[in-house]
Amino acid sequence: MGNRAPGNRRSVFSRLGANRDLRLFLLVLPLLAFVVVTVMIPVGQFLYRAVDNDLLAENLKLTAASLADWSPDQGVPGEASFRALAHDIRNAREAGTLGQVAQALNQQITGVRNGFIKAAMLVDEPDAVTVEDLTRVIPALGEVPLWSLLKSAQSRWTDFYLLQSIDLERDQAGAIVNVPADRAIFRDIIWRTIAISVNVTLICILLSLPVAHVLANARPPWSGILLALVLFPLWTSLLVRTVSWIIILQGEGPVNATLLFLGLIEEPLRLVYTRGSLYIAMVQVLLPLMILSILSVLLKLPKELLRAATSLGANWWQGYWRVLLPLLSPGILTGSAIVFVFALGYYITPTLIGGPRDQMLSSYVAQFTNKTLNWGLAGALAVQLMALLLIAGLGWAAFRRLGRRS
Amino acid sequence: MFFWPNLRRRLAFLHTLVILAFLLAPLVIMVPISLTSGTMLTLPVPGWSLHWYEVIFTDSRWTVALVNSLIVGVAATALATALGTLAAIGLSWGRFPGQQTMLAIISLPLVLPIVILGVACFSFYASVGLIGSRLSLILAHAGLAAPVVVTTVLASLKGFDRNLMRAGASLGAGPLMSFRRILVPLVAPGILTGALIAFLVSFDEVVIASFITSTEHRTLPRQIFSGVRESISPAIAAAAIVLVLISGILLAFTSYIERRARAHKAGGK
Amino acid sequence: MKSRIVTAAALALIAATASAQAEESMTAVGWGGSWNEAYDKGVFQPFTAESGIKVNLDEWGGEIAKLRTQIESNAIVYDFVSVEAPALEIGCAEGLFEKLPDAVYAEKDSYLPGTIHPCGMASDTWATVMVYDGAKLKDGPKSWADFWDVEKIPGKRGMLGQAQYTLENALMADGVAPGEVYDVLRSEGGVDRAFAALDRIKPHVVWWTSSTNALQNLSAGEVVMTDLYNARVTAENEKGSNYVIVWEAGFFYGTDMWAIVKGAPNRDNAVKFVEFFAKPENQAGFPKLYAYGVGHKDVEKHLTAEQLERLPTSAKNLPYAAVYDTDYWAENKEALEQRFQAWLAQ
């Protein structure tokens, strides 16, 4: 960071006083505070939702307490627990939180929501409520899983959503097991997100290398023009470019029209709303970043080296592979890190140009936040996404260190 | 086949042309679409007309969006540039514990998936009662754009010879005077580039805008986005061309300023 | 100097943003696009003319998370929102919505079933219907069984990529009458039966995510038939297309509801609007322009025969219809959508 000639620094320091660093820190402080308050803390709160069990812990206190000594192998608990639950339901009704509690329970055991809402009408006299009354409106109370869930309200934290976000759950005995295949979707989504990002990165590397060489070798007026043309898309709206691809690739769009005209196909190909169209749109957006990263390294290499490495005739490929590529690797690595990290978080492009099976993690985070109000699961998926970013970041740092040492 | 260097070079050049066409196609395609006389986003166009430009410059939904985008963009840029420049100077010259961590925190909005940032902004601005206001979008965009300014200014400070500041100080210039007369002109291109990118970041941003803005404060990208999802009309192509033109003008303007600054510097020597 | 001007300008901007508007207004939130246009022209503009209250019409995708956050943080922007019926049910139980004025709810017997609720009244009754392009297909499908029969009518089928609507369609294709679909879904093995039917059509389906892309697939010939919201089809036909809605194949209709947000800043204006909208002649402003129904039974007196016929709830169409079961979906949506996604990925 910055220019650090220690000799210089000392003398400037002594002239400007010992508080100089403090004053410089004060320059950083406003932005730092701004980002911490408006980004870091809110993001932290969002991620915390993945384990937050406050709602249930607050509203099911009595029930959870009555189950302190209960364990699932004892079967359905006794009347005291039913009564405690009736109290809790009434209290939640009075506090106006019953709807949220019912919703949260329904997220973990499908089908109990309505029962809890209906039970609100039975509990005016909680101590008079019978086991039969409650079980009639909430049939799941006649089985153990709901009671296990109610007991989990003892804790302010839950691992339910984090497990769910990687297709795991706890069985009756509390052991972590895979969910049945017909409910397993999140590993697939996570893999899909990784696969799309990796593929986009690889495509970008392959397409960028020749372009970077041509740009590096071009002479002055052309080099500027070519670079400007490569950069220009970066200055234009991502949204606009995605919409353009829909027009270009749609059934009656120019691509299909050309292919039909040339007689290469007989009926329009299905190009848009597919994985292919998603790759096209993402690569178009991210490619300039990769070209720039590689170019910036390429321009620093001595011209003679380039010439030597590329004029080896028959051994050209070996020369390129053994000599030039390793030298270019810092640029490729930085470019890959940027492209990969951006790709992981893609949202708008898959939403607009991908089909239902091409949606990435971000889309599901948005969907569970906005539509189904399942903030626990949205938070858990956001945790997965952040974990992927972190792994990518650490991997990049490790590679870079390795590269510097060698 | 690849051992003829000439052929190889030609193939690489051809590849580059194809890639350029690929990169520019989505922008080029918007021109005829925006000039269509039809109502669908299809090619070839049935006839030519300026109708859709008329729509976006007269229909209040589009004009309000355009004005909002400009206001939010300018204000967010001003804020991001001010905060970002100060932070970059502090980070570049100071030496205090945790600098790397601070830079990482400041850069966070740049690498965070935009949806997570959108949800976070939503809950934050809701909690302080600013949700739906234009101010909330300005602040959110400033946070998103500030790391860009920090990066460009840090880069331009790398080449800055601090002895100049020392010389200034020894000639009796106060810190503020040195800052304005020596530092600012020299790092101005970095600041300007940062500010320009900051503006474009804000001008193009749609996810946060869709999380936190209300109708009266909707921006141009947000208006395009809702158009795309619901009823597609060529008005979005016209709006897109306007977006591209504004970006292009800003880009040309910056490079002009930078070139002038460089010429000025060279002349001074 | 320059920097001072910039600072001053920035401050002025911020001050300008902070200043509040003085005139009477309310913010209503609809579903966007042509839906919003029709509501604006047919209902809100007449309301403004009568009351002097300006309506800011926003749009959303029914994300009641936004409401919950606004209410929890006491930063409420929306006054009046249109939500899907299951969301109204959940939101009403959670206390996100105000109750309707007593005088309005007291008239509940004048409303079609499911179009009025203590917390809200119908904003639109929509249907997902089977549709094909009459210009491309002369002898179109007549039933959901035809939709499933790719030998009879070759070509891809468009379907919405989610469980809701799709499971209903699958059971109809499997021979279940619309009115019995939820009995089957609730019974043992009913959901499996729907998925088994979907297995048969899966290789021939192009899944859509927004009605715009469904329409594009249909107009570009990528699919020969699709399921779609009826008013989108009618709107396209008004622009000159020749899409045919196969009402008689059976369809489901649902209702979106207007509701006043709890603690709305312009609550009184929203209440005034509800009172305005409770009059059938005012409700009729929307179905005149858009092929979705509204709640009050007397609305039909204000519509032409043609405007009436294109509604899902018209006398001609209603015999083929059943109502989306909001209770069923409120409880099972998440689990079924998850299973659907897993099935889709197989």
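First chain written, first letter: the chains are A, B and C, and each begins at residue 1.
Operating definition for what follows: a contact is a pair of C-beta atoms (placed from the backbone, for glycine too) under 8 Å apart; a residue touches a chain by one contact, two chains touch by 3 or more.
For clarity, every value in this text was computed on a predicted model and none was experimentally measured.
Participant: Based on Cα centres, what is the most central chain?
Facilitator: A
Participant: Any idea whether B-C or A-C has more C-beta pairs in contact?
Facilitator: Most C-beta pairs in contact, of the two: A-C.
Participant: Could you work out how far the Cα centre of chain A sits from that of chain B, in whole Å?
Facilitator: It comes to 23 Å between the two C-alpha centres.
Participant: Using Cα averages as centroids, what's the distance between chain B and chain C in whole Å?
Facilitator: Their C-alpha centroids are separated by 37 Å.
Participant: Go ahead and note the Å separation of the Cα centroids belonging to chain A and chain C.
Facilitator: Centre separation, chain A to chain C: 29 Å.
Participant: Would you please write down the residue numbers of chain C that are in contact with two or more other chains?
Facilitator: Residues 66 of chain C each touch two or more of the other chains.
Participant: Among all residues of chain A, which ones touch two or more of the remaining chains?
Facilitator: Answer for chain A, listing residues that touch two or more other chains: 246, 250, 252, 369.
Participant: Among the residues of chain B, which ones contact at least 2 other chains?
Facilitator: As it turns out, chain B has residues touching two or more other chains at 123, 228-229.
Participant: Which chain A residues qualify as touching chain B in the complex?
Facilitator: 1-4, 8-9, 11-12, 15-16, 20-22, 24-32, 34-43, 45-46, 207, 210-211, 213-215, 217, 226, 229-230, 232-233, 235-241, 243-248, 250, 252-254, 257, 284, 287-288, 310-311, 313-314, 316-317, 341, 344-345, 347-348, 352, 361-363, 365-366, 369, 378, 382, 385-386, 389, 393
Participant: Over in the complex, which chain C residues touch chain A? Could you list them?
Facilitator: Within the complex, chain C contacts chain A at residues 61-66, 68, 90-95, 156, 161-162, 206-209, 213, 216-217, 219-222, 327, 330-335, 337-339, 341-345.
Participant: Could you please specify the touching residues of chain C with respect to chain B in the complex?
Facilitator: My answer: residues 6-7, 9-10, 13-14, 17-18, 27, 31-35, 56-59, 66, 69-70, 72-75, 77, 210-212, 239.
Participant: Quick one: which bits of chain A touch chain C in the complex? Just the residue numbers, please.
Facilitator: Of all residues in chain A, those touching chain C are 96, 98-100, 102-103, 106-107, 110-114, 117, 181-185, 188, 246, 250-252, 267-268, 270, 272-273, 351, 355-357, 369-375.
Participant: Which stretch or stretches of chain B touch chain C in the complex?
Facilitator: For chain B paired with chain C, touching residues are 39, 71, 74-75, 78-79, 122-123, 125-135, 138, 214-216, 226-232.
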